[in-house]
Amino acid sequence: MLLGAAGQIRENHRRLSELDSFGGDGDHGTTMLRAMENLEKSVASSRGGQMKQLLSETAWAVMGTDGGATGPLFGSFFMGMSNGAGQEERMDCVALASMFEAALECVRKRTKAEAGDKTIMDAMIPAVEQARLAADDGFGICGILERAAEAARRGADSTKDLQPRLGRAKNAAEQSLGHEDPGAVSVSLIFKGFLKGALEDGG
Amino acid sequence: MAMKKFLNDPDNLVDELLSGFALAHADKVKLTESNLVVRAKAKARDKVALVTLGGSGHEPALSGYVGEGMLDISVPGEIFAAPGPPKLIEALRMAERPAGVLLIVLNHDGDVMSANMAMEMAQQEGLNVKQILTHEDISTGPRDKPEQRRGLVGCLAVIKVAGAAAEQGASLDECLEIADRMERNMATLAVAVTSATHPCTGEAISEIPQADMIIGMGQHGESGSAQSKLKTADETAEIMLDMLVEDLSIKKGDDVLLMINGVGSTTLMEQYVVLNSCKKILDSRKINMVRCAAGEFLTVQEMGGFQMFMARMDDELIKLWDAACKCPCMAI
Amino acid sequence: MAMKKFLNDPDNLVDELLSGFALAHADKVKLTESNLVVRAKAKARDKVALVTLGGSGHEPALSGYVGEGMLDISVPGEIFAAPGPPKLIEALRMAERPAGVLLIVLNHDGDVMSANMAMEMAQQEGLNVKQILTHEDISTGPRDKPEQRRGLVGCLAVIKVAGAAAEQGASLDECLEIADRMERNMATLAVAVTSATHPCTGEAISEIPQADMIIGMGQHGESGSAQSKLKTADETAEIMLDMLVEDLSIKKGDDVLLMINGVGSTTLMEQYVVLNSCKKILDSRKINMVRCAAGEFLTVQEMGGFQMFMARMDDELIKLWDAACKCPCMAI
Amino acid sequence: MLLGAAGQIRENHRRLSELDSFGGDGDHGTTMLRAMENLEKSVASSRGGQMKQLLSETAWAVMGTDGGATGPLFGSFFMGMSNGAGQEERMDCVALASMFEAALECVRKRTKAEAGDKTIMDAMIPAVEQARLAADDGFGICGILERAAEAARRGADSTKDLQPRLGRAKNAAEQSLGHEDPGAVSVSLIFKGFLKGALEDGG
């Protein structure tokens, strides 16, 4: 699952940097790429075991990316998933939704951004909401991830028409009109990657 | 235009630049294994330590100010990107001492998030750390909304006066008070005329029309608000001074420190010319430019333009500004 | 592209820049009525005085090196143009003292002509002045034709060691011997990637194709010889080191001082990267880089590129290089 | 006569800077303009009197231009003219040629440049030679100046095909091929200006 996310970012990092260049400083793709490389390393060096532990190591690795806002925000996302994870080796559907909720909560500690501010939140909030609804509706892991990924994609899409109110790009609000927020696109790529990863794992 | 920089693998850029930096200033600083910049000769442990963090690509900031009379540790991040919380907490642990640690943070989302997370961890660990946030870019928010104001070259003044106080044996609360006084009495405004390229992506980080200048351009090429035709040094100085004086409510007879910070390819020659313009204008308004400086203190790659910094000074701040310091890129 | 500089009337440019310079460094230097730059606190008259001359537009050179441990008087000319003999003879008269005066001249036609005329007058007047010419640009002539070699950033090393010797009380002949030893053991090579604009004419002072770099570019944009595609820092360092090492006949085990001088818009970041490349290469050849420096010491407006300086050092030269100095733009 | 020279430079300074930009640093016109402004000031402030004294003051003013090679070279030219001038108020034809010869000699003290090096000498040497010949042939002041100016112009013209061996431009020798040497053009403008001045003065 985690590696699926890394794969998606790797394929799209150029576009992410380009999106960051409309008002931002054009480095979001590079930074996400480095974050995902750190994630891959931490996955590779983890000796199987607990999901909770793996996620916490991953979070620390992502935070260590030295990537401006990206490290703390995405690191917090994984840290929250770890916080929300139980002690089990494999997660179930309800646990997954809770993990995402805990992730969102952890990110909220780092930023006051709300939906509509043209940030990662525009993708993350609906994705987590839809994951919860899907779990409540009795969907399986892949089903949950499918609905979450679709919600994240639509959320990222919706940022095209928004003007940023936070982050570096806020000072060049008009320049980013018509372009998606790079951070939101990253979130949607991560959920898409989770889904792909889960499908390959066989769910 | 294609990027014309002397670089090797962009993935190693920060490592290489830090290692070159440490070579050039081996008498004053050294690098730790995890690329923290520390003093070659540590400060006595009964004095407050100063730590800061910030993205790379802004040389000589901030690591150039590690040394006697200024910083104890600088935590450099990637190009234009703050270091993550892990590195920062490592630095705070290393700096930890009975006298306490002052963490100086420039107001940019990434820096603040890293600092906040590291501060939370530090508190959990019982470290004696206090934090000061610099936010003095008057183009991004009004004075009563400091959280909207970016941290620009003003961090240098805060580091200078707080560093001098620490060196003289001031307590953590006293250092914080000094830093805070400097911070509340300072304002910066930037103007840009040509763009910089991001050394890793090779892309221009902003677009500035041929004949224009942009007042309010940020430290990473984030655009500012007021765009106009390029003006003379006198005219530009007057516009910028007006805004700074108004923001700080500077009155006739006030004492100010004025600093022109070249951000990259604007020459020192021009900086001196602008400084001279400022002096004429301030004189005509009976505002005392008691101290001034010009130079590349915090750059944005090869961007053309400068940051104009102004601060209302009192006698204690002036004394601390004048105090001796011996850093790689600042020596008084 | 149109020139994007913060200037007023170009006819007043040098006046304004010098007056801004003097403001910024009022603790260390002052301007005379005829725009000579002198120390704020004059050196004792029983010590040799150092005087130099040179065109403006190369800030911080050369006036930035007036101060304790380096120069006594700098005679700035117009933009890129040496001052005429009248100003120089005035400076020599002012510097005149029993201990004598050392005049440091960079080998450029105008500077040399002015210096020669002033030296003739000084001799007629019985002033005790000796002259040292710096000519270390290896791209413009072979070592045995020093008169063809231009003076680049190497003047800084000569000023530093001779200035330190003078401060320590060395005689004029001793200072000259030190200066000459430094001069004979040094070599510089420049590389350029982007052009500068002449601040008075607004014209580009050289043309460098989009993707190219030019090794051997002079201090005023005069073209060099070897043009190639832009190379990495490692590759560029290797090419340039090879040429410098060969010119100086540096052998395994020799001690060298290496200096990277950014000429304008090449970032300090890149300079550190290049310095790091040099260190790796020199290490692999068992040449000891005993001292090094990087920074903008002598610029060519906003030109992109740098000068690489190398000198064979002996213990005395190292000691003098390390000696304390307090100048506006160099402090050790 | 002196003011005529200044006028010629003023009219053509842009072209001089342009010529200096082919391999040089593009400032020759600006510098010559400043030199001639200093010359004009010194003429204006001189209280009539001796030609010798006026020329020497002019020379010092031109040298004080802070104009790189230009100050010493052209300053020496005027200084030499002063050296060669007698104590009389007005000069005669033979004196004029001697003054030019003394001027050339004084310039030679400052530079080793010979004809063919693509410098001021390519205009100055033939101009001075022709002045002498014309004086020997019995020409009047205007006649002398006419032949000198014509020789200087041809000399300057001839530098087009040369590659510089001295001065800043020597390092970009090829770049200046096809263009006249700016310093040589200045010399020819000065002689042309002398002629114009003399004609207006009524000789």
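Order as written gives the chain letters A, B, C and D; numbering starts at 1 within each chain.
Everything that follows uses one rule, which is that contacts are C-beta pairs under 8 Å (C-beta built on N, C-alpha and C of every residue); 3 or more make two chains touch, one makes a residue touch a chain.
These numbers come from a predicted model, not from an experiment.
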Most distant chain from chain C, judged by the mean position of its C-alpha atoms: A
Where chain B and chain D are represented by their mean Cα positions, the distance between them in whole Å: 53
Distance from the mean Cα position of chain C to that of chain B, given in whole angstrom: 29
Please compute the C-alpha centroid of chain C, do the same for chain D, then give the distance between them in whole Å. 32
Counting only residues that touch at least 2 other chains, which ones in chain D make the list? none
Would you please write down the residue numbers of chain B that are in contact with two or more other chains? none
How are the chains arranged in terms of who touches whom: line, ring, star, complete or other? line
Pairs of chains satisfying the touch condition: A-B, B-C, C-D
Given the complex with chain C, which residues does chain D contribute to the contact? 17, 21, 23-27, 29-31, 34, 60, 62-73, 75-76, 110-111, 166-172, 175
Chain A partner, complex, touching residues on chain B are 14, 55, 77-87, 108-111, 113-114, 116-117, 139-140, 150, 198, 200-201, 203, 205, 216, 218, 220-225
The residues of chain B that touch chain C in their complex are 1-2, 4-8, 13, 16-21, 23-24, 56-57, 59-60, 193-194, 199, 210-211, 213, 230, 232-234, 236, 264-277, 279, 289, 292-296, 299, 301-302, 304, 306, 331-332
